[in-house]
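This report refers to the structure that appears directly beneath it.
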Amino acid sequence: MASLTIKGLTKKYGETAAVEDLSLAVKDKEFVVLVGPSGCGKTTTLNSIAGLVEIDGGEIWFGDELVASPEHGISKIPQKREVAMVFQDYAIYPHMTVFGNMAFPLEIRKVDKREVEARVRKAAQLLEIEELLHRRPKALSGGQRQRIALGRAMVRNPKIFLLDEPLANLDAKLRVHARVELKKLQRELGVTAIFVTHDQIEAMTMGDRIAVMNDGHLEQMGTPAELYHNPQNRFVAGFIGSPPMNMLEGKLEAKDGQPVVDLGFCLYELPKKARELTKKTAASEVILGVRPENVVVTKESKRNALEATVVYVELTGKESNVHLEAGEFLLIAIRTSTQDLSAGDTVWLSFDEKKVHVFDRKSGKALL
Amino acid sequence: MDPKKKEKIITALITLPAFVSIFFFFYCFSGWNFFISLTDWEGFVPSYNLVGFKNYVALFHDPLFWISFKNNLLLILLFVPGVILVGLILAILLDQKVRGEGVFRTIYLLPFALSFVVTAALWAWMYSPRVGTLNVLLERLGLGFLKSEWITDPNIVMYCIIVALIWQFAGYSGIIFLAGIRSIPGSHIAAAKVDGASPFAIYRRIVLPQLKPSFTTAFIIFMCFALKAFDFIWVLNRGGPGYSAHILGVSMYKETFGLDKFAYGAAYSMIILLLSLVVVVPFLSRVYRRE
Amino acid sequence: MKIPKLSRIILYVLLGLFAVLSLLPLWSCVVTALKTSKEVILTTPVTPPLRPTLAPLMESLDYLKRPLINSLVLVGSGIMVSCFFGSILGYVFSKRRFRGSTILLVLVVLCLYIPPQVQLIPMVQTMSKVGLHGNLGALVLLYMIFGTPMCAFIFKTLYDEIPDSFINAAKVDGAGTWTIYRRIMLPLSVIPFVVAALLQVTVIWNDYIWGLVLTVGKANLPVTVAMANLKGSFVAEWNLQMAGALWVALPTLIIFIFLGKYVMRGYAGV
């Protein structure tokens, strides 16, 4: 059973906490992505799991085994943790051949030579780098090196795979292809994988579940769909999805018993599901969130619609991103037909009722 | 055994011989030397009677000490800025996209390859009053009035030494500054050029200020050299004529191994150590404080 | 043909001038070493000999034969230990940091600035006590240890250029401290070893004070001490002195000329 459980992980550098009180659980054979902006602590978390970094608080369990816990004085050295790791720069040793690189972890464990050969060949076959086995890494491309790094990780048949932004150094086209290949590989090998990236698109396309981190904390963990449709706080809502969710600051009030958000230049009526909102919460400063694809742009005025001016229309192919100004807010809406809109037009924006979010401005938590 | 502990022990084991020997030969020796300076040891048989700071007091009343100190000061005040200046000039010249830069660099560095005894032999020949290179050349070039007794003249021997030492270290100083100049991002220079700055202005306003680390490194290295110099002056003329070229390192050697006054010589060397530490410790603490 | 700009001309004139100044004493030395005693008096110190002779070189070589061998022994034995120790210390300081390793690093680097004068008396005492004083063994031991701080600094600086991910990858793969050193660091250490060794060769070969203080008797002298004696005893025989100086200068000059780029890497880093 290759599950991973982290409880209350804390890692400090001097006075600042890179990771604070982080708890998450990874299931056996699951592909979990740790995603967040630079400095959010995702690499520190990965390094803590690998044992490259000594944690200051919390516990790390591999299945039933406690591998790290400062309170109990336990900290298994990385050499003994039996995880495999792929680094951002791949760390391919230049003085060994590709075969040598991949055989290295087995040689250290004094595995029989024939076994080593067999395992390396099998991994190389799977990764389609068999012809490279006797070459030196110096002349090889980024994509090839990445596969060598994967191969080196695979030969030990580890249960847990750690990957630190392994696609960041590949060019865009290769990256898309590599994403698919990597996911396929993980399924085939049946290993548990923890994948770190700052790219939320990568997270969304690859993760079985995603853990969004920010400033050393876990913001939310869930499936891509959960994070996309039900973000629990403002950060996750704004981080996941591109173009990002539109955020409108306003005041929550009750008008004739109905909850509305005062956006300054107009009042927006919240949908029926928000009926109890004004009674449930004391918060008055809120943020109204709606994703660009849920903003409907019409030339005719509609009920509960906001008046806006088109600033700029960005054609992205089959769709266009329409940049709008409503009151003092800048919004983006996604549309499929473009011909009828141009900069300066006055339009009306309505929001899909089912897809509207409300966040508490101070705490960031989702209220709706 | 706990694997973490095992790794710690391995690390300790492989570094222990090196650390122990360094600790002994540098730090224990320094302490031992300090201890000796507090004794009255004179002559072949070591004596460990402690006499407090008597040797240091005697030192400060010793005219030879003050002559040596004064000469050392002269060395520091003229040699250190001199070699830094020449090095800086060489570096700026070499930075000009010169054809054959590698050849010039190698040539300028050659004097640094030489042992001080070789340098002493070479410059004894250069400075020889009757048949030496300098005087003969000056004569032949019609500049005979510039001839001098050079290192046999007690009034100018230190200056002759300083020139010879600058000759020896100029190339080394040059590569320190050249490395410094080359580490300045090309985009800084390019931006200044686009802004219309002349080469002179670029060097003065952009390059020089960013060479502070090189200046500091060079300063430390050459200061410490000036304090501990011995080889060159000793082989050149044993610190002569008379005592005119004695510096602290020379006097220390003479007192210790010439006159067998070991405790006294130890006191000399502690002064040299102290002066070196005053220069080096602030530098090192600043460099490594960040880590 | 384009007339080169005035400033470029001045540049090359200045460069040439400095080159002449750098080489003048050496040129004078070479030229004088090849002259007979008569020619030394008759010609200027910079004109080449009309009738070059190898006699001074041969004669001085005869005098310096044993010291040259002594210095070779010192260089060979000294670089081995100091480079090896230096490489291990450099590895630990660069890749295997622990609490207090920075302090230890500072203490090691500080050794580079400790003047030899404070070590003279204790060293003589120590060598006497172990019975090595006066012979080559004392110097062998000395150079082995004294070279270590500089080598440690060179190795640390060059090891810092190896990405930490190499070490981390090896750790995750199961390699312990010593295995990482043996299988990852050492194979990547060719250049650091060359740089450290060349610097050590220069320092040991050129050293004078320790040879002066710790060896006794003609058979035990390193070449620098022997040559300095040569200078002292044959004051007027300039061609002989220059020839002797040339023998001492030759090995390091050759290193600086043909392996200069490695030497500069070592010095620019310090």
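By letter and in written order, the chains are A, B and C; residue numbering begins at 1 in each of them.
Definition applied: contacts are C-beta pairs under 8 Å (C-beta built on N, C-alpha and C of every residue); 3 or more make two chains touch, one makes a residue touch a chain.
Keep in mind it's a predicted model, so treat the numbers as computed, not measured.
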| For chain C, which other chain has the most distant CA centre? | A
| task | Count the C-beta pairs in contact for every pair of chains, then give the pair with the highest total. | result | B-C
| field | Length of the line joining the C-alpha centres of chain B and chain C, rounded to whole Å | value | 16
| task | Could you tell me the distance, in whole angstrom, between the mean C-alpha positions of chain A and chain B? | result | 58
| Of all residues in chain B, which are in touch with two or more distinct other chains? | 3, 7
| remark: By the touch definition above, chain A meets two or more other chains at residues 77, 79-80
| query | Residues of chain C that touch two or more other chains: which are they? | reply | 176
| field | chain A - residues contacting chain C, complex | value | 47, 50-52, 77-81, 83-85, 87-91, 93-96, 104-105, 108-109, 149, 152, 156, 162
| Which residues of chain A touch chain B in their complex? | 75-77, 79-80
| said: For the complex, give me every residue of chain C touching chain B. | reply: 11-12, 14-15, 18-19, 21-26, 28-29, 32, 40-41, 44-46, 85-86, 88-89, 92, 96, 98, 102, 104-111, 113-123, 125, 142, 145-146, 148-149, 152, 176-178, 181, 202, 205-209, 213, 224-225, 227-228, 231, 238, 241-242, 244-245, 248-249, 252-253, 255-257, 260, 263-264, 267-268, 270
| remark: Residue positions on chain C within touch of chain A in the complex are 163, 165-166, 168-176, 179, 183-184, 187-188
| chain B residues within the chain A interface of the complex | 3-4, 7
